[in-house]
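Got some structures for you, see below.
The two complexes that follow have subunit A in common; it is paired with subunit B in the first and with subunit C in the second.
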Partner chain A sequence: MTQELISANHAAALAATLAARANRTGRGFGSGVYPITPQTECIELLCNQEIEKGHVVRVESEHSAMAVCMGFSVGGARSFTASSSNGLAFMAENVFAAAFYRLPIVMMAVNRTLGPPWNIWVDHGDTLMLRDSGWIQLYCENNQEVADTTLAAFRLAEDRRVLLPIMVCQDAFILSHTMVLTEMPAQALVDEFLPPLDLPHRLADRPRVIGGLDLPHETEMHRLQAIGAMNNVFEVYREVQASFLQIFGRALPDPIVPYRMDDADVVLVSMGTTASTVRAAVDEARARGVRAGGLRVNMFRPFPEDLLRAALAGKKKVGVIDRDLCPGLGGILWAEVRGVTEPGALVQGYIAGIGGGDVRPAHVTRILNELVALERADKPRIVEVG
Partner chain B sequence: MEHDEKSPVRLPMCGHEPMLDGMAQRDGDRGEPVLRAGNTNCGGCGMSIGLNMLSRAAAEHSIQMVIPACCAIVTAGSFPYSAYGAPVVAATFASAAAVATGLAHVARLNGERTRVICWAGDGGTYDIGMATLSAAAERNEDVLYICYDNEIYGNTGGQRSSSTPLGAVTSTTPLGKDVEKKDIVGIMAAHRVPYVASLSLAHPEDALRKLQYALDARGFRFLHILAPCPTGWKSEPADCIELVRLAVRSGVYVVCEIFDGERVVLNVDSELSESALERYFALQGRFRKAKLNLGAIRQTLLKRWAALRA
Partner chain C sequence: MPALEIRLHGRGGQGGVTCAKIIAAVYAELGKSVQTFGDYSGERSGAPVRAYTRVSDDPISNRNKVYDPDHLLVLDPTLLSDEVVQGLQPGGTLLLATSAPMESFVGRFEAFRLALIDATAIARRHKIGTRSVIIVNTTVAGAFVKALGLPLSALEHAYQHLGLLSNFAAAREAYEGVQVREPIGLEQRVAVPAAAVPAARPDVLPLTEHRDGPQPPLKTGNWRTQTPKYSSYLAPCSAWCPAGNDVIGFVQALAQKDEKAAAAILANTTPLAGVCGRVCPAPCMEGCNRREYDGAVNIRGLERWIADHGEVVLPVVTKHATPRRFAILGGGPAGLAAAQTLARAGHDATIFDGEAALGGVLRTGIPTYRLPREVLDREVGAVLALGVKTALGAFLDREQLASLPGEFDAVILATGLQKLRGLDGPGADLAGVQQGIRFLHHINLDGAARIGGHVVVLGGGNTAMDCARSALRAGAERVTVAYRRGADEMPAIAEEVEEARHEGVAFVFLRAPLGFVGEGGRVRGVELAEVELGEADDSGRRRPVVTDKRSVLECDAVLLALGQSAELSLLPAGWELREGRVHQGGVPLAVFAAGDVSTGDGTVTHAIGDGKRAAGRAMAALGLDVTPFARPDRAIAVPATDIRFDHFATSAAVRESLETPAARVRTFDEVSHGLADGLEAHRCFSCGECTKCDTCLVFCPEGIIRRKDAAYEVDYSYCKGCGICVKECPRKGMEMTAV
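Right, the complex of A and B next:
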């Protein structure tokens, strides 16, 4: 275990490199990479690593980056790439394909505003656009989590009960470009944590077609298998958490992370780095005698419905802070959380920090105060923080 | 079968050279044919003949195929069946060369001699897959990319592609296409990849030799096959090979190979026959509407061939 002063982009690249080397006794590692701000430093560092039995292919687009990863993965190699924003939009067709092929590819996604107008700062709308793609999605809160979750993602994705690709999401610049002392494990420990990938349906010599035509009933059955795999994620993730803690001595975050929720009357739900700002605002409100609580959604896909339902049981006032906007609906997290709250609960949507606006504790305090006074849920509100 | 007055009455395979001693499986072939019997391809499909040639050429090789959206992936049939006697990945439309890149790297990383082959139509090659193809060629990936060119979006029902020739009626060019097709062989040769060649289904020995050479060679190799499509070309299925022969004799289709983007070898010296040109267009209903100026077309071909022979 070494401590390194690195950005979350570099943390992801180093974690991917460790995972890559861990598959040297398997069928190796491969990656298709393409630059886009604010993810570029990740793939730059990856391109500078010596990986035994691994190749990084510098392609001409995100669409091909994912296609190359699919080629590596369907051949049985471990695979990783990174992207962001419009790159993810361009890649989208193959993002869906990777999940439908059931390929355990790990992608680090730096959340960035979709353009135009062009804006390189944080917004969760890019990966949320892919929420129906069949990928597992995890939204990190800090640099260490980016490193740890990237490593854990390979173990989770490659588990035979899962075999689904995973997006490890992090907030642009707030994490991607901020240097933080980060613990990176030794290769020997990673080797212990990550067994070589043995993809059961890899393309070998047997005549077959992977990803060919399906009639309606076959489509239903294949989708049913994907749903089953998604349903297995919670159990497998718990095992991965236990193994991670045992081997690395550090805990992975739970699918949802509550903060001072037990006796809370007002709860703020959020994802990514907003959750840490919420914690500060909750503490401040508690000091004023307001029984506030925070709830962070780490795993957005599969949607931790049961866990959220249990956490929000009895909570009559819930505010959801989205860092994304679906015009014509509101926040995407809000729309989904509405389905797991207590019947009759007031669930108010707030959209804060889109386009990279700096969400500060004072903004969250304002949201909390408004929520306390609110008697009926209103249309989702954009909180101007820019 | 109806014929216009100019064309002699023919029976299928009569009056034509036998194709690789006929289409039947024989000793020299791959144990398992690449294209299995019982597939549902149209009669007279040039792409199917190309697959049978590949089957013979690949007899000694372990192969993996990447097929993007095109007629050839419909050929496979629906899950869990496969008309292919080879492992296939059905890639997204624009991704064949990139998926093949990944597979080829895995083979290399694991010391396997597997040959990775892209089998793609003109839509996936000239149009939507162009950037992916160009990039894989630039990287000189160890991939054999074969484009069967039926000059049309076939499995979507016959729309124009950038490979559709001047004057051809398609469902999206009802009056005939008003521009010429791209020179894909020239484009690929400009990447200076180790090997680029065009194959004539009417010249099976030459075609087989090129397929075998390309399977043995390393680095990026591109093969182009003019593949008549009776459905799209509005031609008789039995005329498939004859059409390719006419394309070669008239100079419309250049049978050549280009090594490293430099050394050009003309494998079949076209007689630039005027009557073959007339007949090539007359046998295809798709050119009927456009009232092509064959004299002008011939002048263009003569000029092109003068440059080729220079």
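Right, the complex of A and C next:
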């Protein structure tokens, strides 16, 4: 185990490299890559790695990048790519295809605001656009989580009970370009954690067809099977967490991460790095005697409905801070959290930090104070922080 | 009022969805609310499809498919099944597009009003669709309108609005032609229940698993509306051969380097291949489809090559159990062909001929530079080798002729064209004016006839050419052929005219002879009138119209080649030739005419064909079990439009090598040396005969045509009937047929 001062972009690239090498006794590693700010550093580093039985193919677009990953994956190779924002939008057709083909591809997505007008900074609108694509989505809070979750994602995705692709999401610049000391495990440990991929529907010598025409009933059944795989994720993820802890001596974050929730009267729900800002504001409020709590959603897909319902049981005031915006509705996280709160609870939506605005503890404190005073939920509010 | 619901079953490409739309449009014309839609699937042309139409007085909000139709249309009879009629209400109309008659539905579909229309035949007549896919929708709609008692005018208006008026005539024909059978015993009938909503559905294999074992086959053969079939079709060369030669057969045998088979095929149909390979006008080459591309195959040259190089194995003749005796009058081509036919059938044939040797005009008329006598002798010898007897050297008189039917079981009259057309003008009796045929006879039999000075030949046929060219060889200083029509109208073989020109024969066209001028009893010139060409006559040639403009062509001798006809005055009294058979007092005798005496066609090949036919008729008349030779019908031969020229590289026909004009013009040695080899056979398209070229196999998009034994096999369980194999076949070795 070594500590390195690296960005989360590089952490993801190194984690992918370790995972790639871990499949050297299997069918190797293959990746299709196309650069986009703020993901470029990740794939640049990946391209410069020596990977036995590994191919990183530089293609002409994100759409092709995912197509290449699908080709490698269906051939039994471990596969990884990275993208962001409009790149994800262009990739979208094949993003859906990867999930519908049930291919365990891992993609590091650096959350960046969709343009135009052009904006390179963080918000979650790009990956949330793909929330219905059939991918598992995990939203990291710090650099170490990016490294660890990337490694864990391969194990989760490749589990026979799952066989779904995973997006490991991280906030643009706040994580992607921020360098911290990050622990990267030794290859031997990764080998122990991550057995070679054995894709059951791998295409080999015998010519086969996958993904031909479905009649309506066949589509119903195939979607039902994908739902079943999603439902298995919680159990498998717990096993992955246990194994990860045992092998690397470090815990993976739970699907949802509560903070000082037990006696909290007012709760703020968030995703990504906003959760750490929320913790600071909660501590500040607690110091003032306000019984505040924080709840971070790490796993957005599958949506941890039962866990959230349990965590929010009895909570009468819930604020949801979205770093995304669905015009005509409000925050996407807010819309989904409304379905798992206590009946009669006040659930107020806030949109903070879209377009990369720096959400500071003072902003969250202001939200918290407003929420404490609020008697009835109002339309979602955009908090100007930029 | 509940909506009237109509369901339609068809195949992709037949226009079923449009048919349902037409029906909706008709009801819309009648002021109804309508709704119409198709049921689309991933399969393509030919796959079963459904379409639906709802009609109501009220706005229609139901968007479901139709499960319990009031009326049902089935555009393709091969779709008919219990599943198709599911849900149809008793008394409802079941309209079926089929060529099957109403009688074939006894005991079936009796609960319904059954309406039948042969829509495919009607649509095909009206050329709706393509050769491989006939589109029946607009036609069926006409039948539906009639079956439902709707006004035809509403259909016409609908077609107007839909831009389909060009199809209305077909719809009207269907309207007038639809057959309807009312329901039988309706009161006891209950509806065929619609398929229930299924409770349990089959498992669907997850995408994370592979199906092992064979994939469930998608047998696309049921998409087919037409079926490709391999067959043989009549090649024009064979159809055009008056002698009935299997022309494509011997040419293709040669193309496959089977010279022996080629010779056997020829010997099977003609006794005179070596003769015809030299002197035949070759109607086969006129019919040859390659003429439309880069020139006819030199079939005549190939026939000669086979006759000259092939080893003819004579068939072993088995004597008939009760051999009949036949007398054949005339040893020309018709007589020889008749003799060969009769002898091969195991009968006794005796040829009577006034000349000392057999061959008729081939020996007396055709010069040796065109037909060496050893060729003729060889082929006559082959006929005699079959056991044919001869009685030569004396012409039979009327009395002898009259007694023949008593001495033989039947008589074949093959005396040719003995009557020579003369010129009744002044000076016809001048010395130096003679019949060309007589001149040729002297040269050919006596070998010594000489002629000098300027010789004028009158006529434009092959005899005229023979006279002109023989005259040059017999000493003439120069020769002029005067013909009353134009160069294009000359009946002589084109090559003969060309060779004559090269030898120095001069031609004057559009000149009709009126008479001769002489001096001291000897001819000194021919008086010619200028001719203009008028309207075409029965032969298709423009009729010569003689004008007042006259001139005299000076000359030293004149050869008349103005035509010949049958000399029937030599027949016994009371004998009357009618439709190729001699009658006496209205009673048919066992005397059959063969060749020119009967038909006047004037070519060797026609004479051979007619000799065979007359022999067959004679045998049949004696109660023998034979089918007389009949010429194939040219009209059904494969037309050039059925040949895919693109598949063939262009190549010029190979011609016979000829002796140079300077060398040949003073001798009677054969002018043509024939073809050097049989390679010209490779130019044959093989029209209508599969050559196993694999084009169908290569182009089949489904890959379901395979070689099997010496033929091809189509896997019809997958053949969609796309027609590409037929479209691509270079030579019409196959065609699309009804399923």
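Simple rule for what comes next: the second predicted complex is superposed on the first by the 385 of 386 C-alpha atoms of A that agree within 3 Å, B and C clash if a C-alpha of one lies under 4 Å from a C-alpha of the other, contacts with A are read in each partner's own complex, and residues count from 1 in each chain.
Assume contacts are C-beta pairs under 8 Å (C-beta built on N, C-alpha and C of every residue); 3 or more make two chains touch, one makes a residue touch a chain.
What you see is a predicted model, and the numbers here were worked out from it, not measured in a lab.
Three-chain overlay on subunit A, with subunit B and subunit C in a clash.
By the document's definition of touching, of the two partners only subunit B reaches A:28; subunit C does not.
When the shared chain is aligned, subunit B comes close enough to touch A:205, but subunit C does not. If you count the residues of subunit A touched by subunit B and by subunit C, you find the higher number for B. Once the two complexes are overlaid on the shared chain, A:94 sits against subunit B while remaining clear of subunit C.
In the superposition on chain A, A:163 makes contact with subunit C only, not with subunit B. Looking at the shared chain after the overlay, A:102 reaches subunit C, while subunit B stays out of its contact range. In the superposition on chain A, contact is made by A:213 with both subunit B and subunit C.
In the superposition on chain A, A:70 makes contact with subunit B only, while subunit C stays out of contact range.
Of the two partner chains placed around the shared chain by superposition, neither subunit B nor subunit C is touched by A:316. In the superposition on chain A, contact is made by A:57 with subunit B only, not with subunit C.
Stretch 40-48 is the one of subunit B that runs into subunit C, the other listed stretches 40-48, 130-138, 184-192 or 292-300 having no clashing C-alpha atoms.
On subunit A, the patch touched by subunit B and the patch touched by subunit C overlap at residues 208-211, 213, 218, 222. Taken in their complex, subunit A has these residues touching subunit C: 100-102, 160, 163, 200-201, 208-211, 213, 217-218, 221-222, 225. Residues 32, 62, 64, 66, 73-74, 76-80, 82, 84-92, 94-95, 97-110, 114, 131-132, 134-135, 139 of subunit B are the ones that touch subunit A when the two sit in their complex. Of all residues in subunit A, those touching subunit B in their complex are 27-28, 30, 32, 53-55, 57-61, 63-64, 67-77, 79, 93-94, 97, 203-215, 218, 222. Note for the complex: subunit C touches subunit A at residues 42, 201, 203-204, 206-210, 215.
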